[in-house]
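Given below, in the form of structure tokens, are the structures.
Shared between the two complexes below is chain A, which pairs with chain B and chain C, respectively.
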Partner chain A sequence: MTFDFVEPVVFALLAIGVIAGGAAVVLLSRITAAALLMAFTFLSMAGMFVLLGAETLAAFQVLIYVGAITVLILYGVMFTKFSDRPRALFFQRQTPLAVVFVVAVAIPVALFSFSFTSAPPRPGGGDLSALATSVFTDFAFPFEIASVLLLAAMVGAIVLTGRDDPEEAARRRRR
Partner chain B sequence: MTVPLGAYVAVSAVLFFIGCAGVLVRRNAVVILMCVELMLNAANLALVAFSRKYGSIDERGSVFVVFVFVIAAAEVAVGLAIILSAYRNRPVVDVDQIHQMKG
Partner chain C sequence: MPVGPFGIDPLIWAPLRLIIAVGLALFLVLNGALLQIYLERKIQAIIQDRLGPYHVGPFGLLQTFADALKLISKEDVRAAATDGWFFVAAPALVFCPMLASWVVLPFAQDIVGTNLNIGLLYLTTLGSMTVLGIVIAGWASNNKYALMGGLRSAGQLISYEIPQILALVSVVLVVGSLSMIDITRSQAGPLVNVLILPFPFLIYFIAALAETNRTPFDLPEAESELVAGWLTEYSGMRWGTMLALSEYGNVTVVCAIVTTLWFGGWQGPGVDAIPLLGVLWFTLKVYAFILIMMWIRATLPRLRIDQLMSFCWKGLIPAALVNILVVATLALAFPTTKIPIAIASWVLVVLFVAGIPFVQRRRLRVLRARARASAAPAVRAVS
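Moving on to the complex of A and B:
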């Protein structure tokens, strides 16, 4: 007895999770629920990474997307006030046109994406050492650039949200 | 029986279209940020799938995914900072009402 059927079944479940979660983010009007379903989508995506044999990236996915980015977005949701206006911006009157356009684009893309065929599977084992070798040899310079980018983003976020209240600044100076 | 590469690419394409539709349709700026994250994640899935199933030489696709993680983190931090500072100016998060900088 073999368990060859397990991988397609797991893939189908994860695909349903990813697509349903993504659709819920777009369709739900409750923003907190949308943010939590976005985390669910990211978790399903981590499962897909595991299925593809990229365990390290799955771990990064859980840490960065499910951990950091979802929490940050929930923070933003809690800080802002919901508006009770309709959640959609436009395209309300152009629904048939939009559906026609999406179908016309989506069908060729789906057919094209199924035309890719896999190479023979590579030997098993983790992806960490190959990934680390690549990052710290061929991609050492982009790695440094990425660290500068993160520093710039941190400084930018602090500057953008920092309060420049003159009274408070004066009080801080007096102390 | 393994899952073919095309199935992964198809899931990635569907998720990308969902995120794209969300960016175009939704009104709330925070939800638009979420949909941008979905699109980035769809691109990640395509990169990992091609890297694992196609190129048996090195881990280039996975390295790109790591850099996409970095850029996504930076993007969401700066994006939320912009949304919050605009919200402090005038308490709305609907993108059709934030038009102080419109020329």
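Moving on to the complex of A and C:
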């Protein structure tokens, strides 16, 4: 008795999880539900990484996207004043335009990916030291560029949200 | 015929060890929580010169069993304004990552759920998932105290995750592996990692207290300020799952990480002769750290939220970065010996411990000067 049928089944479940979760994130009007479903989508994608034999990437996926980014989004949602319209559609107001874009992008991508003829990925990508070596030698420059980008985003966020509170300024002058 | 560990046929041993590991995990999670609540109450009673529980059973040993039965038999109450599915899902979201992290804890030589080659990364990953459940619980309760507790918890857990992971990384740098088994194996004999890397241990232990919401970092459920924080709206077994099982389970996981990384895990006298003795050593070491956590709880007062944040971002994270820089440089410069790393780490410990009173005195001086300058009766919070 072999267990060859398990892998396609697991893949199908994960794929349904990713696609349904992603669609629900965009379509749901409750923003907390959308955030939680986003975490679910990220978890399904981590499952895909495990299926491909890249456990390290899966762990980082969960650590960063579920453990940090989703929580920060929820944090932001809770600090935002939206009690007057808790179920408003914030971002999805361009449905016709979005449909056009999706069709224009999705059809070529689908055609391209179905004509893909490379060998299936080999398992065994869980080697952390090989990954670390390539990140810090061959890809050191992109790595640094990405961190500079994040730093710029952080400084920008601080500048954008810094308020000129007269009370605060007066208190600082008193000090 | 190939012979596995303990002279058992590997074909039988493979499922048998899984059963033993799962049984141990469930035993330690369920009964461990009961035992730890009893210990917590008894130890705090001793420190505060009280008796603690003593009516039910000998020495009050059955008190927490009675409490658990009460929790199970309670009616499932839910406020009408709570957020349906989220409210129900939150305890599961807190509990599941904790239970899943028991898979990689090495109880003894071959008694471990699975030997993941990224075991430590897996543990930190699952530890970071707990936050999501807590935030959702705070949000779904639709209660301002619960929401405040959830927000505090999110800020605290995300901040303290950073020094925690940085401290773990320095151990991985020295040992050269993320597998819990390999890390334990690397510390055979009396030379355990805490003698080589005491500074990351200090950072990790402080950050772990915050990660498990233990005093002095128990702001998310500060009883005197927030009723019960994010747990306010929960009762019965939902509360029991969240607080008792998840919290004490997490405490045990964290103590198991400390034991494995710094104190040699299952290794101890007589383990080579009788491998099962490792379970005893491992459990004893883990419970020693749990007792230290309880001792700290009975000793230290709670921090204020701004003190908590500034301690993490201005104290622990720079210390962890300095530590990782020093360890990485020395590991690269002296690949054969660990003595320079040990010396540097002990020097850092001395500097850290000696530096705290110095910084504290300077802070007090600034505070007093500011209070005099503004001539205000109330001393404002310093950041």
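What we mean here is this: the second predicted complex is superposed on the first by the 110 of 175 C-alpha atoms of A that agree within 3 Å, B and C clash if a C-alpha of one lies under 4 Å from a C-alpha of the other, contacts with A are read in each partner's own complex, and residues count from 1 in each chain.
Definition applied: a residue touches a chain if its C-beta (ideal position, glycine included) is under 8 Å from a C-beta of that chain, and two chains touch if they have at least 3 such contacts.
Predicted, not measured: the structure shown is a model, and the values here were computed from it.
A.B. asks: Of the two partners chain B and chain C, which one touches more residues belonging to chain A?
C.D. replies: B
A.B. asks: Tell me the contact category for A:S113 with respect to chain B and chain C: first, second, both or neither.
C.D. replies: first
A.B. asks: Tell me which partner A:P142 touches in the superposition: chain B (first), chain C (second), both or neither.
C.D. replies: After superposing on A, A:P142 lies in contact with chain B but is clear of chain C.
A.B. asks: Considering only touches as defined above, state whether A:G67 meets chain B (first), chain C (second), both or neither.
C.D. replies: Touch partner of A:G67: chain C, not chain B.
A.B. asks: Figure out whether A:L57 sits in contact with chain B (first) or chain C (second), or with both, or with neither.
C.D. replies: first
A.B. asks: With the two complexes superposed on chain A, say which partner A:F42 touches: chain B (first), chain C (second), both, or neither.
C.D. replies: A:F42 contacts chain B only, not chain C.
A.B. asks: For A:Y75, is the partner it touches chain B (first), chain C (second), both, or none of the two (neither)?
C.D. replies: After superposing on A, A:Y75 lies in contact with both chain B and chain C.
A.B. asks: Quick check on the superposed pair: does A:T32 touch chain B, chain C, both, or neither? Answer first, second, both or neither.
C.D. replies: In the superposition, A:T32 contacts chain C only.
A.B. asks: Considering each complex separately, which residues of chain A are in contact with chain B in the first and with chain C in the second?
C.D. replies: 56, 60, 68, 72, 75, 79
A.B. asks: Residues of chain B touching chain A in their complex?
C.D. replies: Answer in residue numbers: 1-15, 17-19, 21-22, 24-28, 30-31, 33-35, 37-38, 41, 44-45, 48-56, 58-60, 62-63, 65-67, 69-78, 80-85, 87, 91-96.
A.B. asks: Can you tell me which positions in chain A touch chain B when the two form their complex?
C.D. replies: Per the touch definition, chain A meets chain B at residues 4-5, 7-8, 11, 15, 18-19, 22-23, 25-26, 31, 34-35, 38, 41-42, 45, 48-49, 51-54, 56-57, 60-61, 64-65, 68-69, 72-73, 75-77, 79-83, 85-91, 102, 105-106, 109-110, 113-122, 127, 130-131, 133-135, 138-139, 142, 146, 149-150, 152-154, 156-157, 160-161.
A.B. asks: If we count contacts the way the header does, which residues on chain C are in touch with chain A in the complex?
C.D. replies: On the chain C side, the touching residues are 83, 86, 89, 116-118, 121-122, 124-129, 131-132, 135-136, 139, 147, 150-151, 154-155, 157-158, 161, 178, 370, 373-374.
A.B. asks: Tell me, which parts of chain A touch chain C in their complex?
C.D. replies: It is residues 32-33, 36, 39, 55-56, 59-60, 62-63, 66-68, 70-72, 74-75, 78-79, 126, 128, 174-175 of chain A that touch chain C.
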